[in-house]
Each structure stands twice: as C-alpha cells, then as structure tokens.
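Chain naming follows the written order as A, B and C, and within any one chain the residues start at number 1.
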C-alpha cells in the first residue's frame, strides 16, 4: 500500500528540491543465508570446500539447526528422518521444520534412502569434511596464515580502528559528495574507479547526465545503516561483480571469511596468494578492511571492519591479541531530548548531511549541530523512502554514551526517549491511514428490506466494505460484486 | 551490645559527612585525580561489608512482622512516586531477599489504616502470598492517622504464641509524625520488652521520640531515611539475622525432611492432592504424582518449607538449612594492602593477578588489594566484595589443599585421619569451626 | 506469544554465552588409575567440546579450569600475553589456540605436581568458587546493552566428599542468584551433591560410564545453551534426594532435631549442641502450636 501511495506523494514533492527521490525500490539488505540460498547447489558445493566458509555458514544457521549438525557431524551413516525429528520437543515443531528446510536450501544436508526404505538425512560430505577440519584440525592451512617473523613496528588496535574508519568514511563522503569533489581532491580522500563502479552497480549512486554521479534513494538508506551492515552490503555487491573482474568467487568469499575469523591486532602474511587474491587484497585495503603499509609488503593487518563482517550486530566483542576486552571507542555523538531536540556533537559534513535527512537543523557551531525532529522533517524523510525504523536505529546507534547510561535507569530497551521513538513511528503510521480497495457502490434501493437483505448477504460472504443504513448505500469489494449481483437477481426474482 | 554502638552514634550523617570533602581528594604525582577518586570508590564499596561484625549467636528462625503505615502521610511524594508506592516496591525486594537468606523463617504484614491495625497476611513462609498482598495494598485509600500501638499490639498477640526458640521481630515503616493510640503506649512497649520482641523502626519523615524510645528499649534499630537509596539500605539491613535475644530459649527442634524415595521402582506414584491448596479457593489443589510427603503423617505438600497442617512437624529440605549457614560461618575480613605487596608471576612476564578472578592487577584501579590471612592469597576489590557479600566462601581456602580443612595434610600424616573425618560434614569443635569459617 | 518467542530467539542470538569447564585432573580418579591414557582422551573430548561451544556463535566465550589434587589453575584463557601461534593445518586459529594453551598449561601443572602417595580428593567446590569469581568479573565488564549468559560444566570422576558440603552449597546458591547454570558430567559415580546443585540451578546432570563416546554425550546434552534446552529432548531430571544427613553419624534421616541457634542437624535429642555448644532447655517434644482462629482485633 505504501508504494501505491508513494507515487502520489512523489509527484507533489518534486517541487521540493532536496528530496532524494530517484528509485522507487527500497534498499534490500541480504544476510549471508539469503545470499547463499540464491546460489546454485554446484556453487555451494564449491564454496563448501573452504573451511572458513563452512564455519561462517554454520554460525548463520538457526540455533536448532546448529545442534542438529553438531549431533550428526561425527556420525558416518545417514540418520533416519524420524530420529532427527525426535530430537526436538513437540511444541517447537515449527522451529524444527524451519531449521530442516534451511539446511536443505543451503545444501548442507540432503535426503537419501537407507536400507529398509526409510528416508534419512545425510550431511554433505564436503561440508562435513570442511567443518570437521575447522573444528578439530587436519588438512591444509588456510591461505592466510600468521607471519613468521615479528613486525618491527607492530600496529596497535586503536591505530587500526582509526585507519579503518577513515578509509571507510572516504567511501561515504564520496557518496554524499562532501569529500573529494567539494574540497580539493587529495590522494587520501579520492576513491578508485573500481569503488565507484561498485557503488553504481549496487544502485547506491547513479550516473546523471546533468550533474555527473549522484546518490540514490537507496544510497541514503545505505548511509543510515550501521557500519557493519554497510560493509557487508557493499562487499556483497563487490562479490556480485568479482567474477567479471576475473576473481573467482569461492576464493574471494573464503578470504573474506578468513579475515572475519582473524584476530584483531595480529599481522598475517599474503605469501603464497594468487595474483587475483592479491588484487582482491588491494581492494580490501582501499575500503579499510585491511591495513598494509606498502602495496608490495607481504604483511597485512585485518581491521575491525573485516573482523566484524560476519557478526550479527555492531559493536560485538571481537577476538583481539589482548586478553582483556577492547571495545571500539564509542562513536556516539547524538543526544536526543524528550522535546524532540537533537544535539549532535560533530563537525563531520557527512554526519550533518545524514542528520539533515530527517531533522530540521537549527543552529550550527564548530563542534555542535542542533536540530529538531518535526513532523514535516520526518515525513520528508519517510517520503524519501527512509523508514521510521531506520531513523530510530540510526539515532540509537550513534546515541551519545551518556544517553546509554540513562538506559539502565529506566530499563527500557532503547536509549532514546520513548516519546520520540513512538512519535516517529506514529508519523510513519499516519501515512498509512488510507487503505485503497476497489469496490462497487449499490444504492437507490426501493425498500429498507431489500437493502438489509443484500447488506447481510454481502456481510456474510465477507465482501462488504462500507454501508450506510440511512441513505441505503453500500460498497462491495470488486471481486465480490458478481456474487452479490447473482444473489440480488435470485432474490428479486423470488420477491418479485 | 549492638545497642551500645547505636547509643554512641549521636551524630547524623548530614551533620558530618559533607564537611571538607575536598580534603579527601588529593592529586597524585602526575597531578591527576584519577587515583584519589578510584580510592574513594573502593572505600565506598567496602563500607557495608566492614560494618558487618561477626556474631556467634544469631536468631536464625525468625518470625517477623512488617508493620506498614497506611495513613495520609504516606501519600506525600517526597519519595517517588509516593511514600507508599516506594515502600511497596522496596518491600518486594526485601521479601524476596528475606526468604532467600532466611528460608526457614516466617513473615507477616500488618497495615495501619485510619487508627486501626489490619493484618494483611498471617505469618507464613511463602513469599508468593506476601507479594500478592502487597499488590493489593497499592490501591488502598490513605486517610487519617496511624496507630502505632494498635499495630504493635496486633503483632504482639501473634508473636506471643510463637515458640520461644524463635527470634521474634517487628519492623515498623512509619510515614506519619504522629500516632493516635487508645491507651498509654508505654504499656505496650513494656510488654514487648518482657516478651523479648525486637522492634525496629524506619521513619520516612523525621525522627520521632517514641519510636526511638521503642527501639532502644527492645534492642532494635532506628533510622530516618534520607532518600530512596538510603531507605533501601535501611530496609535490607533487616535481612541479616539479628543477634539472638537473651530471652530466646535455645532448643532442638524436631523437623522432617520429606523425600520421594519410598515409591515402588518403575511404578508411578499414585495421584494425590496437596494439603497446602486444599482450602485455597483461588488456586484449587490439583491431582498429581509429585510432591513432598511428610515423613510422619504422609500428607503431601507442593512446596517447602512448610509446617505440616495435620501433625505440626516443620518440613524442610537440607538446602534450606544450608542457605543460612553462611550467616553463622562468614568469611573473615581480608587485610587491605597496597598492590606492590602482591608477588609477581615469573612465568607470565611478571604480572600480578587476582587469585579469584584472574584479573591482571594494574594501577590505579587496583591500588589496594586484599589478602586472606588463612590462605595468604591476594584478591582484587571486586572479588573481595563478591566473596564476602555473595559467595560466602574464600576461594584460596577452598582450592589449596593445605588450607582447606587440612585434608591434604591429614593424608600425609596417615594415622590420625579417621577421627577427624567423621566430623568433616560440618564443624563440630570450635577449632574446626574456625576452619570452616575461612 | 509468537512475538515473545521471537524476541527470545533474537536475544539468544545476540547474547554472549560464557562456558566455564571445571575439569577434574586429579590422578586419583578411578578412570585415570585404570589407565593414564584415559585422561588424555577426556582432555581431547573437552577441548573439542569447548571449541564446539566457541563455534556456535562468534561472541561465545570459554574458560577451562583444572582442578587437581594440589591446586586449581586456569588452563584457558591465561592472563597476560597469548601464545604466539602459527596455523599449521585447517583448524580455525582460535580453536588451535585453545587446544595449544590447554595442553601446554596442563602439562606444566602435571609436571610441577607433588607426587601423591595415597588417593586424595579433588577440591571441586573450591574450583567452582574460582569459576564464579571469574564469571562475575566478566559479567561486570560486559558492555552496556549486551547480555551475558554463563554456565559451569563440571567434568569429574572423583568421589564426593562431604567436607566440601558448605562450599558446594554456597556455590549453588550463588549460582542460582546470579542465574548461572551448573551442569555436571559424572564419569564414575552418581554425585548426590552436584546433582542437587544441577537441580537448584536448572542444569543437567549426566553420568557417563563409557569414556569412548564422551564427546558425543557432551555435545548432545551440554552443548545446547540453557535458554534453548526446552526446544530439545534431553534426559529428564532425576529425582533428587534432599534429605539432610545428621552431623553426629552422617546418615540420611527423615525426621531429625535441628539446633535453633546454628541449625545443626542431629538424629536424636542431646542436651548440648556439639557445634555451637548451646545448652538446650526444654527436653522432649515441643508443644505443637495450637491452630489459631482469626480473632477480631480490639480497636479503639
């Protein structure tokens, strides 16, 4: 429904120049599972020869599916279906079916017949072998291993974090046009044609005859995602195009997951990697997923962006070389008050631009921007295809650390004032107040009796949309019209 | 004895606490305040635990009446949202905690409504009943004055008949500054003193002489709350069992330990009804096979501890008793030392670690460390608090064989072990008691 | 109802699961005395099981504690610098690290252990107190907004020792209070104390008599997180005997006498408490409290 209405709003909003209305489809974010399910079984089989991929796939599975896999991982014969289904409790049968179908779709297990005519589940041998290898050892080392000799100048985690974020921000800055194009091109801020091609391919940006390359509707939605989701989405788009570039997909994916399983702050060696993989590494370097001092150096450090790729949520604990946990320096800078005011402690044009998508900016100081959430500003964003959910999650994600302290006091799930969250959602909902139904009007009945009979009939077959007894008018759904008409003919024949 | 300490404490917190607070904060060598602040935080954390003095005789079986003022003054919103709602909220926590720490004790609630006293719940050992009753109290209309005497009389009447080996207590939560009593309240106070019932008062407004007098006479505690956090502390301090009253008669109590072993193997127990829900109309008793059977008369109960309705035997399970043991054998306080006294581990780059949580100790947060005088191990402040307030068992004393009940040493000595082993279930001599309290 | 379930699933996916394995490495355990190789076999199973736990979710955490006859030590993680490690086969780096560290640490411990002449007990309860301290530290340090679920798995072939009764009980009550699940895998005899602990904290108790299938047993029964165990069919809880044993003869009793001051349990009446030396006044059975009728309070 929202989409049909969207067309109408789009036409009137063309007056408003700042609106990012370009494509009509929303940004579609696939998770790993969706991505893999859209591959062919042959590709999957090829992917499963890499232990890192199997490990990543395993972690993506639903909880019950993971238990099933681990239970049959060390069983060499196929296991009868009936046995597997007896493992789950009766009242969670739905979860079980879901898990089973997920495993089938991912080609992790398949049905075979065992002697005695029973259907049984059998784990894909490739998957089984690779997963066992990842868990217990054996087989070849992964392509990316630790360096032997010590780095004379090892890089610490905080350096890697700031490096990664600055690289990634380059891409984002390019998108909103605050980076390279506005303030004199410097080498550090430019992004390569390859990256631009991916942005275009992903439909995050588009080439316009008039102003060159501009950001799309999906692009803005992309900006509202958290960094981890951004990187993941971006990498998926990259993988889509990697075959064209002559880089084989399984190796790429395997490499990406290896990075995600690596230890933050440790250096790895690119020794023995194929030529294509080295190109891939250079691309990763550009986006800030790995740090390498020089292009030719055989040593690289994965950054938090890479390590976080397979995590489900931003800011999770990652494995580091230190035994004590190191959390990413809190990047929160937004304070939201119950009076809908927003104070953002930032001087980044990117962050201001993103905030400007859904707030009315009031004042700007060297390190602070003050804005207010109004019905108009939020509706404008909604019209642009941004959802209330996205706005709220953006605000939550970048909430100032002090806002998070409040959370424990009121024990609410979100750190934002509940009134603001509710209001944003209400503003979204109010746009969905109309439900359009095609229908046929019946009126000018001769008697109240005729009217009541027909209305009750329409009501009984559930096609009545609206009725008014005083004016003897009723509206029937279009698909119910034939039935009601037939009934009316039969009725008037009997009555008449 | 505890009473004497209270007597000395003439000064109030607000009279002394905030004088020259800046003197406590000193810059360290680098001109930073971090270490000074860390120290203050540490001290505040330990404060409560240091106050706990060791008691050797406690009233473990407690019969406690909570008397709640439900007069007009309880609607004052100085405690948010109102005094009454705040009280009820905190009482919920208190009741949970009370039964957690004192599993074989009983509790009852009395409300002081408009010069009358009303028993909200009878003395019972199940938290559920009280929590439900508290919910009902939230909607009570708050009018008129309370009568302290009526409340005390009602509690007294019930507590009088409680067996003398039990510790009998009353905790009054007063919002009002006045009480409207039928006769001279001193008579009631004398009666309470005679019976050895300990009365404590928490006042939500200001100190009232008659309440102070009452608590002094009956060896209870008196407190006027500053804010809700202080109120909470005051209330929760009532959770720990008080020292045994002098009038308390010590005796051996006959108790039953129900078990479900006497069923025939491989056969389900017959369906039966439990006694606790037989009269209960809200939740009628269900026929089922599980439950606890009184070893004396075989009547069934669905939860423990309970007093058998047909033969009067107190039914408990062993863990219920065990839950209270830590009051009797607390972990002795550790010695506070500076971090430098911790030996460095040679095999791990000379780091210092906490024996309990394996944390690597580093300044300034771990400036002070704590050493157990028995096992000679060092702990960080968090472990110190955790061990004393929650765990009630010293990690080192329980993991190092030489210290732990001397078992390892006994093995070495060979011959003399048998005599000691027969007692090692629980300390039976004062010497062993010391070991166990480690 | 469905929404609640969904929220629970989502919560379970994002929470951190911490598993602390307390492994009894006492050489006087029955299965070790049969053949020292058995300990290696158990160790291999434990490592594989620990790694399987780490494999479940990226944020899962593991700790392994060894409880030997002379000391209790952490096998993994070790404070301070980590072992430098180069991948040698297809095993995931983090899993190799666990395997290497655990084996190396245990080797050190066994090397430094004093020789023991006669069998002696494992101080399991003490090791569990250390596990609790460790868990409580990690739980304190969890970032705002994140949730941590912790559990302790005890793997032991030792006999039970009643001298640790109090410590065990304190451990169980602390675990219950902090929401920590205690699981036990008994390799030799049924351990009634640990069984009580599992019952109190809603954990699983399993007796495994054959070491051959140990890993499979562990994976089946103990791998599922406690929050999802209701979705799987697992061994039903055994009936736990909660009777007390008297302090005088250490026999399980149905009806006993309890000291009102220190709560010591005795099987027959005695005029003085042997624990706290209290002298009791009233001999014989206590008068049964008369049932009171509700009386109307005399008001003003």
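As a convention for this text, a residue touches a chain if its C-beta (ideal position, glycine included) is under 8 Å from a C-beta of that chain, and two chains touch if they have at least 3 such contacts.
Per UniProt, the chains are A = General transcription factor IIH subunit 4; B = General transcription factor IIH subunit; C = General transcription factor IIH subunit 3.
Keep in mind it's a predicted model, so treat the numbers as computed, not measured.
Taking each chain's centre as the average of its Cα atoms, which chain lies closest to the overall Cα centroid?
Central chain: C.
Given the contact rule stated at the top, which pair of chains has the most C-beta pairs in contact?
B-C
Taking each chain's centre as the mean of its CA atoms, which one is farthest from the centre of chain A?
Computed centres place B farthest from chain A.
Rounded to the nearest whole Å, what is the centre-to-centre distance of chain A and chain C, using the mean of the C-alpha atoms as each centre?
About 40 Å, centre to centre.
Nearest whole angstrom, what separates the Cα centre of chain B from the Cα centre of chain C?
Chain centroid spacing, chain B to chain C, equals 25 Å.
Distance from the CA centroid of chain A to that of chain B, rounded to the nearest Å?
For chain A versus chain B, the centre distance works out to 50 Å.
Among the residues of chain C, which ones contact at least 2 other chains?
In chain C, 78-80 touch at least two other chains.
Indicate the residues of chain A shared as contacts by at least two other chains.
Residues 323 of chain A each touch two or more of the other chains.
Which parts of chain B, given as residue numbers and ranges, touch two or more other chains?
Where chain B meets two or more other chains at a single residue, that happens at 360.
Where on chain C does chain A make contact in their complex?
So the residues of chain C in touch with chain A come to 9, 12-14, 16, 48, 51-52, 55-59, 61, 77-80, 82, 84-96, 99, 141, 143-146, 215-216, 219-220, 223-225, 228, 230-233.
Hey, which residues of chain C end up touching chain B in the complex?
Going through chain C, the ones touching chain B are 67, 69-72, 74, 78-81, 108, 116-118, 120-121, 123, 125-127, 129-130, 132-134, 136-137, 140, 161-167, 169-174, 177-178, 196, 200, 239, 241-245, 247, 250, 253-266, 269-270, 273-282, 285-290, 292, 295, 297-300.
Residue numbers of chain B touching chain C in their complex, please.
56-58, 60-61, 100, 104, 115-119, 147, 150, 153-154, 157-158, 161-163, 165-166, 180-182, 244, 248-261, 295-296, 307, 311-313, 317-319, 321-326, 328-329, 345, 347-349, 351, 353-360, 382-383, 386-387, 390-395, 397-401, 404-405, 407-408, 411-412, 421-430, 433, 436
For the complex, which residues does chain A have touching chain C?
Interface residues on the chain A side: 51-52, 55, 58-59, 63-64, 66-67, 70-71, 74, 86-89, 92, 95, 130, 133-142, 145-146, 148, 261-263, 310-313, 315-319, 321, 323, 325, 327, 404-405, 407-408, 415.
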